[in-house]
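In the two complexes below, chain A is the common chain; its partner is chain B in one and chain C in the other.
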Partner chain A sequence: MQYKSQMVAKPYFIGALVLFVAQILFGLIMGLQYVVGDFLFPHIPFNVARMVHTNALIVWLLMGFMGAAYYMVPEESECELYSPKLALIMFWIFLAAAGLTVVGYLAVPYATLAKITGNDLLPTMGREFLEQPTITKIGIVVVALAFLFNLSMTFLKGRKTSITTVMLLGLWGLAIMFLFSFVNPDNLVRDKFYWWWVVHLWVEGVWELILGAILAFVLIKITGVDREVIEKWLYVIITLSLITGLIGTGHHYFWIGTPEYWQWLGSVFSALEPVPFFAMTLFAFNMVNRRRREHPNRAATLWALGTGVMSFLGAGVWGFLHTLSPVNYYTHGTQITAAHGHMAFYGAYVMVVLTIISYAMPLMRGRAANSNASQVLEMWGFWLMTISMVFITLFLTGAGILQVWLQRVSTTPMGFMATQDQVALFYWLREGTGLVFMIGLAVYLFSFFKDGKSAA
Partner chain B sequence: MSSDAIDMTEPDGRRHPPGDLAIWVFILAELAAFALLFILYGVVRAKHVELFNEMQLTLDRNAGALNTVLLITASWCVARAVAAIRKGADGASARWMACGILAGVGFLVVKGFEYSDKFDAGIGLDTNLFYMFYIALTFFHFMHVVLGLLILGFLLLKTLRGGYSADDHLGMETGASYWHMVDLVWIVLFPLVYVMR
Partner chain C sequence: MSASFSTSAARNIFFGGTVFFVLMFLALTYDTEQKLPQRDQRAQLANPAVAAGKRVWENNNCIGCHTLLGEGAYFAPELGNVYKRRGPDFIKAWIKSQPTGVPGRRQMPNFHLTDKELDDLVAFLKYASEINTANWPPNVEG
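Entry: the complex of A and B
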C-alpha cells in the first residue's frame, strides 16, 4: 500500500462482508420457504426475506465498489485521497442507513414502513429491488455524491490513468442511473421502462465498466504485465460491453407493452452481450499467462481468473440461454431467470469484489500476501462457494425447465402453485447447496483470522 | 508496441495485420455484430419479399449511392494519409486525413437529410419490419461513422502535433483499420438494403 488514505477502503470491505453474510442468511431462509412455506411465518414472511436477500446484495456490492475505488484511485492517481475524513463519515452514514432500512423491513409491515417514511410525498417504493424507503434512496444519492466528489477531486489533482477514467465513468454512470429510481410514472409500461434503466443499465452497463477497471487494476498488480497492454484490452472490452449492453436493454422490453421492434433490437444486441464477457475471460487468462512476476498472493490470482470464467458462464452463457424473444416468451419470470441471476451476480460482481478484497486486504494489514495456510483456507472458500454456486444454478435451471414445461408448454398446463409443488425436489437440492455455500463463506471469512503474517 | 505483443513484422518491415492487434479483435466483434444483423435481415426479407421490395422503392437510392462514393473516397484519403506517414511526410498525411474527415462528415450530412426526409413522413421504427431494419441497421452504422470520425479527428490532431513519423505510426494504422471496417460495412449494407431485389 503506497498511500495512507487508501486505508479508508478497509471499513468498506468489512462492512461489505458483514452484509454478504446477512444476504446469504436470508437467502437460506427464503430458500427454505420455497419448500416449507410457513417457515418463520409471521415474523419473516417470504417477501421480506426476499427483499433483504436482494437489497443486501446490492448494498454490499456498492460498498465493495466504493472500497475498491477508495483503494484504487489514490494509488492510480499517485496522490492521497482528497478527504479521507469525508470517506469515513460517509461509510458510517451508509452503514447506518442500510441497517435502519433492514430493521424497517423486518420490524413493521411494508405498507406501514411506506407510511411512516413519507412515501406519499414522493412515491418511489414498492418496486422490485427499489423497495427502499424514499428517504433511504435520498440518503444513497447524498452518499454517492459525496463519494464521487471525493474521488473526482482526487482524480483531478493526480495522474489520470485509463483505469481510473473507466472506474469513475462507471461510478458516475451508476449514480446517474440510480436517479431513475425516483421516476415513478402511473403508466405501468413507462414505469417498467425506466425501472430497467436502473436495474439493467447498472448490471449490464455501467457496472461492467467498474468490473473491468477493478479486474484490470488487480491484473496489472499481480502479473506485472505492461499497463499499456492491459489498458488497451480494457478499452476494447468496455466498448463492446456498452455497444451490446445499452441496446440490449431491449430484452426486458419484450412483454411489458413496448413496440414490437424491441423484440428484434433486444434479441440481437443482447445475444451479443456474451462477447465482451468472453473477451474478459481471454483477457484475464492471457495476462496471467504472460505474467512477469510470481506474485505471492495466489489467492487473488485465483479470484481474478474465477471472475473471468464465472462471469462469462453466469452472465454470458446463462444470459444468452433465455435472451432471444421466442425463447423468453416461455421462460420469462421463471426459475431460469433466477438461475441466471444467481450465477451472473456471483460470477461477475461478487467475485470481482472478493478479488479486490483478496488483493488489497493483506496490503492494508501490512503484508504483500497472507501466509500460505491462510491462502489455502481462502482458496477452499473460493472452491466451496464457486462449486456450490454452479450447482445452485444447475438445480434452478432444472427447476426452471420443468416449470416452463408444466406451466407453459404442456398441452394441459398446470397452475403456478401446483407447478411449484412438482419442482420441490430441485428447491431442496438448491437449499442443500446453499448450505454448502454458507460453509464456504464461513471458511473464507475464517481465513482472515488465520495467522497471516508468516509469508513475505 | 510493448514487448508482449506478438511480433508480426514482415520482411519488408510492414506489419500484418497493420495496427494494433487489439483493434482487430474489436473489428472482428463489430463485423460479427453486423453480420448477425445482415443475416437476420435476409431471413426476415425472405418471409416478406413483397413488403421489402415495395418499401425498398421508397428509399432514396441516389443518396445511398452518393454516400457510397463519399465513404470510399474517405477510405482512399485515409489510406493515402497512412502511405504518406510511412514516408515521413506528416504535412501531406495531415492533408489527406483532413480530406478523409471531410468526406466522412459529408456522409453524415447526406444521411441526415435522408433521415429527416423519412422522419418528416412519419416513418419510425414501428412503421413496418422493413423500416425497423432500415433504421436499426443504418443508424447503428451511422453511430459507427461518428465514432470513426472521432478517431480520425484524434489522428489528425496528433499528426499536426508531430506525433507520428515514418518509424512510429502504429496508432494511425490502428485508427485507419477501424475506419476501413466502417466503410466495408456500408459497402455490404448499401446493396443489401437499397439495391438488391
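Entry: the complex of A and C
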C-alpha cells in the first residue's frame, strides 16, 4: 500500500463481507422453502427472503466495487484520495441505508413499507431487484454521486492510466444506468423494456468494465507483466463486451411484447457475448504464465484465475445455453434462468470482488501477503465455495430441464405446482450443497483471523 | 498481443466501437417505441383500473414469488396468462382464500385486498394477458 488514503477501502470490504453472509443465510432460508413450503411462514414469506438475498448481493457487490475503486485509484493516480473523510461518511450512510431497508423488509408487510415511504408519489417499488423504497434509491444515487465526485477529482489531479479510465467509465455507467430504476411506466411492456437497461446493461455492460479493470490491476501487481500488455488486453476485452452486450440486450426482448426482429438481433449478438468472457479467461492465464515475479500472495492469484474460468462458465457457457430465441422460448423464466443467474453472478462479480479483497486486505493490514496457514484456509474457502456453486448450478439445471420437459414440451403439460413436486429431489440437493457453500464462506472468513502475520 | 498494435489504437477502437453500438441501440429503441402500439395493448390503459392494478401488483411485491411474462421469481406460477388460465372470479377467490395452510405446501400470504383492489388487479392481469408476446408461453400452464 503506497498511499494512506487507500485505507478507506477497508470498511467497504468488511461491510461487503458482512452482507455476503446475510445474503447466503437468506438464500438457505429460500432454498428450504422451495421444499418445505411453509418454513418460517408467515414470519418470512418467500418474497421477503428473496428481496433480502438479491438486494444484499447487489449492495455488497457495489460496496466491493467502491472499496476496489478507493484502493486502486490513488495507487494508479499516484496521489492521495481527494477526500478520505467523504469516503468514510458515505460508507456509513450507505451501510445505514442498506440496514434500514432490510429492517423495513423484515419488520412490516411490503405494502406497508410502500405506503410509509410514499411509493405512490413516485412509484418505483415492486419490480425485481429494484424493490428498494424510492427513498432508498435516492440515497443510493446520492452516495454514488459523492463517490464518483471523490474519485473523479482524484483521477483529474493525478496520473491517468487506462485502468483508472476504464474503472471510472464503468462506475459512471453504473450510476447512470441506475437512473432508469426511476422509470416505471404504467405500460407494462415499456416498464420491462427499460427495466433491462438497469439489469442487463449493468451485468453485461458497464459492470464488465469494472470487472476488467479490477482484474487488470490485480494481474499487474501479482505478475509484474508490462502494463502496456495488460492495458491492451483490457481494451480489447471491454470493446468485445460492449459491441456484443449492448444489442445483446435483445435476448430479453423476445417475449415481452417487443417487435419480433429482436429474436434475431438478440440471439445473434448475445450468442457472441461469451467471447469477451473467454478472452478474460485467456487473459488471466496468459498473464500468470508470463509472470515476472513470484508474488507471495498465492491466494489472490488463485482468485484471479478462478474469476477468469468461472465467469466464462457462468456467463459464457450457461448464458449461451438459453440465449438463442428458439431455446429461450422453452427455458424463459425457469430454473435454468436461476442456474445461470447464480453461476454468472458468483463467477464474475463475487469472485472479482473477492480477488481484490484477497490482494488488498493483507496490504492494508501491513503485510505483502498472509501467512501460509492463513492462505491455505483462504484457498479451502475458495474451493468449497466454488465447487459448491458448480453443483448448485448443475442441480438447478437438472431441475430446469425436467421442469421444461414436464410443463412446456410435453403434449400433456403438467401444471406449475405439480411440476415442482416432481423435481423436489434436485431442490434438496441444491439446499445441501448450499450448506457446503456456507461452510466454505465460514472457512474463508475464518482465514482473516488466522495468525496472518507470521510470514512475508 | 503483438507490439504493432498499440494501446492507443486499442483505446480508439474501444471508444469508436462503443459510440457506434450505443447509437445503434438507441436507433433500435426508437424503432421499437414506434412499433409498440401495435402490440402492447396500450388502449387498455385508458381504463384507470389497469394502472391502479399495476400499483397493487407492485405494492405487494407479487414479483417476489411469481413470474410475469417470464420475468420475476420462479417459486410460484406464471401470472402473465393467469387470466386466460383461470378467469377473473377464480383469481379473486384464490387471493382472498390465502394462505391455504396445507402443511409443507408453499404458502402465499393474505394481502387483505379490498374489493376495488381485487378488481383493479384483475384488470391489470387481463391487460397483461392480451399483450402480444409472440406466442409465449408455449402452453396455458405458463
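Note that the second predicted complex is superposed on the first by the 456 of 456 C-alpha atoms of A that agree within 3 Å, B and C clash if a C-alpha of one lies under 4 Å from a C-alpha of the other, contacts with A are read in each partner's own complex, and residues count from 1 in each chain.
Please note the rule applied: a contact is a pair of C-beta atoms (placed from the backbone, for glycine too) under 8 Å apart; a residue touches a chain by one contact, two chains touch by 3 or more.
Just so it is clear, the structure is predicted and the values come from calculations on it, not from any experiment.
> Under the stated touch criterion, which partner chain does A:233 make contact with: chain B (first), chain C (second), both, or neither?
Both partners, chain B and chain C.
> State whether A:279 touches chain B only (first), chain C only (second), both chains, or neither.
Touch status of A:279: first partner only.
> Applying the document's definition of touch, where does A:260 land relative to chain B and chain C: first, second, both, or neither?
Both partners, chain B and chain C.
> Who does A:414 touch here: chain B (first), chain C (second), both, or neither?
In the superposed model, A:414 contacts chain C only, not chain B.
> By the touch definition at the top of the document, which applies to A:268: first (chain B), second (chain C), both, or neither?
A:268 sits against chain B, while chain C stays out of touch.
> So, A:78: does it touch chain B (first), chain C (second), both, or neither?
Touch status of A:78: no partner.
> What's your read, chain B or chain C touching more residues of chain A?
Touching more of chain A: C.
> Considering only touches as defined above, state whether A:243 meets chain B (first), chain C (second), both or neither.
Touch partners of A:243: chain B and chain C.
> Where does A:225 make contact in the superposed view: on chain B (first), on chain C (second), on both, or on neither?
First partner only.
> Look at A:34 in the shared chain and tell me whether it touches chain B only, chain C only, both, or neither; answer first, second, both or neither.
The second partner, chain C, only.
> Mind sorting out which residues of chain A both chain B and chain C touch, each in its own complex?
In the superposed arrangement, which is not itself an observed complex, chain A uses residues 228-229, 232-233, 235-236, 239, 243, 259-260, 265 for both chain B and chain C.
> Quick check: in the complex, which residue numbers of chain A touch chain B?
My answer: residues 225-226, 228-229, 232-233, 235-236, 239-240, 243-244, 259-261, 264-265, 268, 271-272, 275, 279, 290.
> Under the stated contact criterion, what part of chain B meets chain A in this complex?
Residues in contact with chain A: 2-5, 20, 22-23, 25-26, 29, 32-33, 36-37, 40, 125-126, 132-133, 136.
> Across the complex, what residues on chain C touch chain A?
1, 5-7, 10-11, 13-14, 17-18, 20-22, 24-25, 28-29, 31-33, 35-36, 39-40, 42, 45, 50-51, 54-55, 57-65, 67-78, 99, 101-109, 111, 127-128, 131-134, 136-142
> Would you pull the chain A residues touching chain C in the complex into a rising list?
30, 33-34, 36-38, 41-42, 45-48, 50-51, 109-111, 114-115, 119-120, 123, 125-128, 131, 162, 186-190, 192-193, 228-229, 231-233, 235-236, 238-239, 242-243, 246-247, 249-250, 252-260, 262-263, 265, 329-330, 332-335, 337-338, 407-409, 413-417, 420
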